[in-house]
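Take this structure, written in structure tokens, and hold onto it; I'll ask about it next.
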Amino acid sequence: MSLVWKIAINDLMFMLKEREAQVWMFLMPLGFCAFFGFIFQDRGGGPSKPTIAYTTTDEGFASLAFKAELDSMGYNVVDVSDEVELQRYRRQLHVPANFTESILNKEESTVVLRHDLRALSAQSDRVKVQRAVWRLLGATAVAASGDSLNERGLMAAVGKESPLKLDVSVSGVKKEIPAGFARAVPGNLIMFVLLVAFTSGAISLVVERDQGLLRRLASSPLTGAQLLAGKAFSRLMISLIEIVYFLVVGAFLFRIDWGNNLPALLMVLLAYAVAAAGLGLLMGSLGRSPDQAVGIGVFSALVMAALGGAWWPIEIVPSAIRWTAFIFPTGWAMDGMLKAMTVGQTVSALAPHALMLLLYGVVSIAVASRIFRFS
Amino acid sequence: MSDILRVAHKEVLRRRRDPFALFIWILIPLSLAGIFALIFGGIGRGGMPKASLLVVDNDDSFVSNLLASSLGNSRLENLIEPESVEEAAGIDMIMEGDASALLVIPEGFGDAYLNGTETTLRLVKSPMQSILPSIAQGVVETLLEMGFIGRSLFDSPIRSLTGIAEMGGEPTQAQLDATSLAIGHTFRKVQEYVFPPMVSLEVEAIEKEEREEFNFAAAYYPGLMLMAVLFISVGLSQDVWREKRHGALSRCIMTPVSLFSFFTGKLLGALALAAIVLAVMLIAGPLLFDLTWHHVWAVVLLGLAVSAFLLSVFSVLVLALSRNERTSNVITDILLMALMLTSGTTVPLEMMPASMVKMASFTPIGHVLLIYKELLQGSLPLGKVIATAGAYAAVSVAFGLIAARGLFPRFANR
Amino acid sequence: MIKITHLRKTYDSVVAVDDISFEVGSGEIYGLLGPNGAGKTTTINIVSGLLKQTSGSVEIAGHDLSREPKKAKAALGVVPQELALYPELSARENLKFWGGFYGRGGAELSRRIEEMLDAVGLAARAKEPVKKFSGGMKRRLNLACGLVHGPKVLLLDEPTVGIDLQTRLRLLDVVKEEARRGAAVLHTTHIMEEAEDLCDRVGIMDGGKIIAEGTVDELKAMLGEKDLLVLQGEMGDDIPAAGAEPIRDCEVVSAGEDRVILAAPRGAEKLPGVIKHFEGAGSRIREVALKEPGLETLFIKLTGRALRD
């Protein structure tokens, strides 16, 4: 056992000493988490309301009522009349000049929402503005039915509170849907553990093979099994270091709440580390040169991360291919991690996830031991 | 000149003999494009996955049944998929992430609605999903609003009918006729406002010639194409270290060929390889995805210009800053990642906040990417294309000279 | 063809090459012999243009290397100690690439490439990428790349390091052939048998200086007909009873606590008596060597150290 440990520590030191490994383990994750956390933060409301520029020359009560409805939809409504100033706004509502008059005369009119069609919030904007239009029409109809379609009547109808309440909550322990960093950090954890295992873990093996070090080890009193165990163990340790790094940095820098269900979370992550270690060993056994090892490793890690749900919420993946996430260890790890963090599933509930991940690790190591070459 | 071309030819030959790196530089962006197509292509064609809304009807009244059935309205079928369940089973499904949200209609909902008294429905969203629960919430809120409006419009006739029911009696024919007249009267008063809606909403793009639908290919692919160019440019700028390791630089010094010619030849060879990668990506786009290139010459010109720029700048960085190959790898890795993240190649510009798009426009890749977006839409900002390509080419020549004349000989002799 | 005049190279306070001068004529093979760190490689690197000398001059085929580097290098062929080949390219492609820089092209270069491939025995594997070659094959190709353009001056820096005897002999045959064609060859090695076998003249280098120079026979004659007796062990401080038989007519080359080297004629006859003499005086001898006159024995005589110390 001490020989195995010796091999493992030696390998780990070798990997950790590499500047590139240090950059990919400790520096790049910060950049990625910050970037993706910022990109995917909740821009549909959150602490600051999205702004909509309201442009019209109509000063009638219908415009007032419409602005009130937009406000109730969560917008910060800004009156803009200057064309130049209007260009500063990525979300604009153009209301016709005779808006109020049209309503009073029961004439059709059209309001135009001009916004960035391809932005993430585009669909949400369309729904919210449409709702504001319907609410205005509803209030107009109510006021008209009471023969009080005037400013007072319409504003009263607009301001009337519905007795039909909707109490919205989020199930699970977090009581909020992960967004921004809460989404980005776990996903990047999954991706980087794999990247590190596949690159550093694989490259060092290829380099040792090229330098004849494995051959020397093979002729030592060490058995093949001990050597492979040592190699696997070192890769497990490097994966665990990366996981711990993410947990700590996530908590203190990105304020990630890893949940109260740490035993379950750690169980899933430990099993994932085993899977990553096994796969890293397998990559190292396959690669014929450091460049090949890096190329195959990076490619595989990116694909597994993407398809496993580490990059985007898995629910947006078409249901026909959603199952592919569970072909990869990343899918199991992401699912288990999110369930532990947000839903609060217990150790026993997540045991199948852990077992699957362990299976990945064991099978990878078994295959690697078959194809392992000392020279 | 012949020495330069000989070295350039050697570069291309080396990659032909060992195309693995080239293959990876193309494969990664193409694979990502394929994955994005699988996942986001459906969204682009209106195929965004629907929110799964579980409904627990604890009231089982006419009104609650009306609410539940309206969730299945054909107008909403693109947005939600309702399903009736028991509450406990529904909570389990939510927790598993098998449904987006659970709507619980409380007992007494129907009576409260008819009486105009307050009643609270519960919507429990799944924490396992990020986007779809909000869509479900929006739909439910809209339906409740419409229900409220209807209730408000026909308040009087509804009240009179519920009053009769509460007293335990049956409405007489006269009462029914009066109610019917009242409803009809109200309906006639308001129908012009709502049937059809008197105020309609039109949606327009804020930028000219922006397409209505989210076309994933147009959003993602140009960035991925430039990602391939970025990979190859950065990768090949590192090749000087490999030359050093092979002993080729030493041998070069011992031959009559000048280091300037050797390095210039390497740059030219690298540019030729970048052109090959660009060509492959250009061809693959329309073949594999829903993409049509306009003004291909402009796309190629800009792609080559930005590649030459990256090659020369990264070469200067590698030669000037790195004492050894490892440090060089670290520096280029960091810069590569920073460029990838900030320039719109990893995440499309369309998904970035405006501030980040602005930042991306200052990066060489982001700048070209913005022009690519215009080209994809069919417009040709000729002045911008020529000026950009010219500027990048000029900077490439300047940096290339710095590298070839000053930095490379020092590097080779180290 | 090679003229080195008062060549000096210093790194800070270290003098790597200390004022050496020699010439190599057309068709001559000049061997630069010396242990590791003697300054051989530095000398070759300067002559090949890789390093700049601190002072002194180097002339290649009549062109000063500092003032006319391009012309000088055009006449030069270098076989460096480290392999300098593109592993992705084939043998033929490597030769074509490097050969093309010397103003030769087309049919002439192609003919020369095929000649070289035949000469080094790689014709059958000419299309294969170099990364698939064995170490010996790479060495052969490395040599061929230095010769493909038919240089007037050839520099070889320990070209036979780490290869088998067969390959070594083949490489040396090629070098001899080039010399026969009129090339001036400067060959560095620390294998004295190689120098004795190949070189017309040898310069023995140590500590940056050339400590002896001449043909192999001339150098051997410096030793006289004396064998070297090398005794190693706990030898004591002094030579015991230096005037006594059997060591009276032995020349003391060097005497140290752990090694004594004596030069004497008919060394094989003298050796038993010498051993008995020292053991009788209390020395404990662990190792004994008898070396016949040769370059190594000359080196030991001149420096007090073995060539491979």
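The chains carry the letters A, B and C, assigned in the order they are written, with residues numbered from 1 in each.
Simple rule for what comes next: contacts are C-beta pairs under 8 Å (C-beta built on N, C-alpha and C of every residue); 3 or more make two chains touch, one makes a residue touch a chain.
All values reported here derive from a predicted model rather than from experimental measurement.
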{"item": "Where chain A and chain B overlap in contact partners, by chain label", "value": "none"}
{"item": "Contact pairs, highest-scoring chain pair", "value": "A-B"}
{"item": "Centroid distance [mean C-alpha coordinates] between chain B and chain A, Å", "value": "14"}
{"item": "For chain B paired with chain C, centre-to-centre distance based on mean C-alpha positions, whole Å", "value": "66"}
{"item": "Approximate Å spacing (C-alpha centroids) for the pair chain A, chain C", "value": "65"}
{"item": "Sites on chain C touched by chain B in the complex", "value": "48-50, 70, 73-74, 76, 78, 80, 82-90, 93, 97-98, 100-103, 129, 145"}
{"item": "Residues of chain A touching chain B in the complex", "value": "18-20, 23-24, 27-28, 31-32, 35-36, 38-39, 43-44, 90-92, 102-103, 106-120, 122-124, 126-131, 133-142, 144-145, 157, 160, 162-172, 174-179, 183, 291-292, 295-296, 298-299, 302-303, 306-307, 312-319, 321, 335, 338-339, 342-343, 345"}
{"item": "In the complex with chain A, residue positions of chain B that touch it", "value": "20-21, 23-24, 27-28, 31-32, 35, 38-40, 42-43, 47-49, 91, 94-97, 100, 102, 112-113, 116-135, 137-138, 140-142, 144-149, 152-153, 186, 189-190, 192-194, 197-207, 210-214, 219, 326-327, 329-330, 333-334, 337-338, 341-342, 347-348, 350-354, 356"}
{"item": "Sites on chain B touched by chain C in the complex", "value": "2-3, 6, 10, 13-15, 17-18, 246-248, 250-251, 253-258, 413"}
